[in-house]
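Two complexes are shown next, each including subunit A; its partner changes from subunit B in the first to subunit C in the second.
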Partner chain A sequence: MRTLEQTTQEVLDLASQHFNVPAGSLAPEDDFFKKLGIDSLQTLEMLSRLENHFGIELPDYEVQGVSDFRTLASRIQSRL
Partner chain B sequence: MLDLSKYQSIGAALKDALDRFANEVCLIEADREREKERLTYRDFQQRAHPLAKALQDAGFAAADRASIIMTNQSKWLISAYAIFFAGGVLVPLDYKLSPDEQWQLLKHSGAQVLITEYPIWRQLSMAPGRAAAANVRTIVVTEAPANADLTGAQRWEDFRSIGEPDFVPRARTDVACIVYSSGTGGRPKGCMMTHENYLEQCVALTSLYPFWPGVRYLSILPTNHAIDFMVGFFGPFTCGAAVVHLRTLRPEYVREAFSKYKITYVSLVPLVLKNLQKGLQARFNELPSGKRKVLNALIAVNKALTKSRPRLSLSRRLLKQVHEPFGGALRTIIVGGAFTEPQTLQFFYDLGIPVANGYGLTEAGTAITVNDLKPFRADTVGKPLPGMEVRILNPGADGIGEVSVRSKTIMSGYLNEPALTSEAIVDGWLMTGDLGRLDDTGHLQLFGRKKNMIVTEEGKNIYPEDIESVFEGLPVKEFCVFAANFIWPRRSMLGEQLVLALHLETGQSLTEELRRDISTRNSKLLNYKRIHGVVLFDEDFPRTASLKIKRNALAEQLAKLDREAAFLPL
Partner chain C sequence: MKSFTGKALRWEWRDGVIELVLDREPANEIGTDMLAELERFVAAFPALIPETAACIISSNRKHGFSAGADLRELYHRAAPLSEKERLAGVRSFIERVHDAFNAIDSAPFTTIAAVHGVCFGGGFELALTCDIIVADKMARFAFPELRLGLIPGFGGIPRLKRDLGNAFVRDLLLTGRSVNATRAQAVGLVAQLASEGEALRNTRATAAQILKFDCVTRAAAKKFIKPIPHEELRREIELFCELFTRPAVMAALKKFVESTNAMPYLP
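Then we have the complex of A and B:
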């Protein structure tokens, strides 16, 4: 079972790969809309990738209003 | 289609539609690759009547107000029908607002009933704003887990009574819905839409874009939005068509839905349309050069053959590989909620996928103009719909002035705001605050706004006064938020931005610390509501006797600054 820290790190790694930004440039408290300059549609694409990685389903309502990696990771953690 | 001229209310028309099209499929609901539900109009009626009866048993009567806060799903429409059947006034609220914003509007609307989903209720029930909205007495929650604590709410699935409900007739002039066009920060603007507004709008829209049994509409825009309410509920239902709901809007499942459900129509906001364009363009670019040349030649042929009007069958044959991923049944993409770039519209039209762009306001009952595709004009927002009178007020030498509109679809007014209403509707004409010009062929072209607001590509209307509270306590002398184009007008509907005007204390400067403070506060706003930059002003803001900022006067003073130099991006 992953710890929340591990999940958070994997979320950051996957987001940096998906959006082609240097590994280590993203932090848990970063607002991903702002840091990555992405819109809501691109966020949905990232969520699909995260779902495939973690082997979970993350309903849209679970991530409604979430904009930072740490909260996103905790929503994923609760479904692992 | 039902002859809507014979009906007095939304409820009466829908009631007949459920009988007339009883065996037709009206709703399909899917969650990812799984189809969860498929209802005929008869099934729909059987789900809605026990709910209407339960509402009546709970004391809900004619003209009482009931709100729905839900994502797009079958229970949204079933609940709305039950409310109309019982003679109620529907208050559709945006599920993306914050819980406190939702409570604020629930209070303002005077809703006695709230119908919502469990994940939304989880947030709402804990929000401090709940205490102020004591008017909401009956709360019904869908899809709650078996062991969930509903804190005073009832389960939608159990909220049903045995026996037939009494249909409660309403008059055309009665209010059918209260739709909020803005105002979660300052003065909520609840547009009171009458039954006549919807009946007339439906007749006008379906005269250009008809529905019939067998048509399938993919409902993606939130149903609380005027467009989806009309083309994803009332329009298709009065014609016996089917509505498809997806519980997740991930692009891969949306794409799959087109072919799986043979979608006929879909409504999108410009942002999603542009994303589709990008995806298609990337696919085209990946083709080997020979195939690419063939595709370009076919597009050129299609373009020439569809110059005067769309020819769907021909386009589908010519550009089979483009049309197949869209299911092969798509007739039109309806785009609304914000301005769409002409090149995006033209891109799709050249592929044989007509995009019906238009222009409208909630206050005008959805659409004022729509492109009728005869011929397609990407550079305009179309011609006024049947029954709409559009005129340009005080046009300049270039013919550009404020767009005003008169029709039976215009709201009766803003709830509890007679002064705002009389500013918005003058002698029966709705002042839109948008700048436009009618060309020789009667097409409307838009050239920016007169009003202090922006509309994002996601179709969100953002009013500066609604987001100012997040900057309260900022260590500056005074501040005010504006739409940048309101200060420095541009003849464009694209790239609209919000700017924070700051008057610093004597000797104070825009330090990194202050910037960080502004950014931190800004990030508390939903991403589409955030300001884009700051402008510094070193004089006292003009104020009224009651010390309210005179926004227009301040904007005039700020306009003297050079935009490029004064606008400091965050």
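Then we have the complex of A and C:
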């Protein structure tokens, strides 16, 4: 079982790979909309990427209002 | 005519297979241009049917197959009208969509949707007219219409019910959540799962297999296994129109159109 810290790090790594930003440039408390400049369609791409990676389903309503990586990771953690 | 290039889509017939490519900025929203060109496409069926085994529907837009109905156009066309005119306009549009989608659904050749990215609302309903859905593993499916105070109006519920158990249909419809391609395959919505970027290639391979079969048998098998749910489709139009007249719907459309929310496509 992953710890929340491990899950958060994997989320950060996936986001940096998917949006092609340097590894280590993203932090758990970052607002991913502002930091990555992404829109809703790109958010859905990220959601698919995360679901495929962690082998979970993360309903959209679970991520509504979530904008930082740490909270996103905690939502994922609750479904692992 | 063996090919067509319009403002919102293009298609080409080659060696027994039609490839219809949706290609309208930003995400293949289905509005009057797309509908007019789909109508033009189905009007070509009588000439194409005798020499067509399969039809592939795909998207050339990066973000996906289709984000659904063009809600901005719908709002801007409806807003200046009286309630009576608004209802007549939306009914006419919905009935035209149903006619075109029913023609695709009942075509005697085999239809395959190659889906990647978002496949939402009306776009999902278009994919559901197809006999087979091949989905990229990054594809997502959703019926987000309830957030607008509406139900899917392009035939989605009857077609989804035709294929799947009611529990999953209710989950999709009543929560408006999106599901990924793996889940969609697990419930039987997606026939084939493709690795990232490979849906169209896999779809073409499937079409090549279909070409091997006798056309009469192929059409008979399809007609036997895939009846058109006409009665439910008719009831869906009536319910959609009934809901559309409520002020809450125009208010929700206005909110969507004017939204600066970074997540307007999230249900």
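By our rule, the second predicted complex is superposed on the first by the 80 of 80 C-alpha atoms of A that agree within 3 Å, B and C clash if a C-alpha of one lies under 4 Å from a C-alpha of the other, contacts with A are read in each partner's own complex, and residues count from 1 in each chain.
In this section, a contact is a pair of C-beta atoms (placed from the backbone, for glycine too) under 8 Å apart; a residue touches a chain by one contact, two chains touch by 3 or more.
The structure presented is a predicted model; accordingly, all values stated were derived computationally and were not measured.
When the two complexes are overlaid on their common chain A, residue A:E10 makes contact with neither subunit B nor subunit C.
Using the contact criterion defined above for the overlaid structures, shared-chain residue A:R49 touches subunit C, although it does not reach subunit B. Within the superposed three-chain model, A:E57 lies in touch with subunit B and with subunit C [touch as defined at top]. Once chain A of one complex is fitted onto chain A of the other, the partner contacts of A:D31 are limited to subunit B, with no touch recorded for subunit C. Touched by subunit B in one complex and by subunit C in the other are residues 33, 39-41, 44-45, 47-48, 57, 59-61, 64 of subunit A.
Across the complex, subunit A is touched by residues 27, 63-64, 67, 117-118, 137-140, 142, 175-183, 261-267 of subunit C.
Of all residues in subunit A, those touching subunit C in their complex are 33, 38-45, 47-49, 51-52, 57, 59-61, 63-64. Those residues of subunit A lying in contact with subunit B across their complex are 31, 33-34, 39-41, 44-45, 47-48, 57, 59-62, 64-65, 67.
For subunit B in complex with subunit A, the touching residues are 32, 71, 95-96, 98, 117, 119-120, 247-252, 271-272, 275, 458, 523, 526-528, 530.
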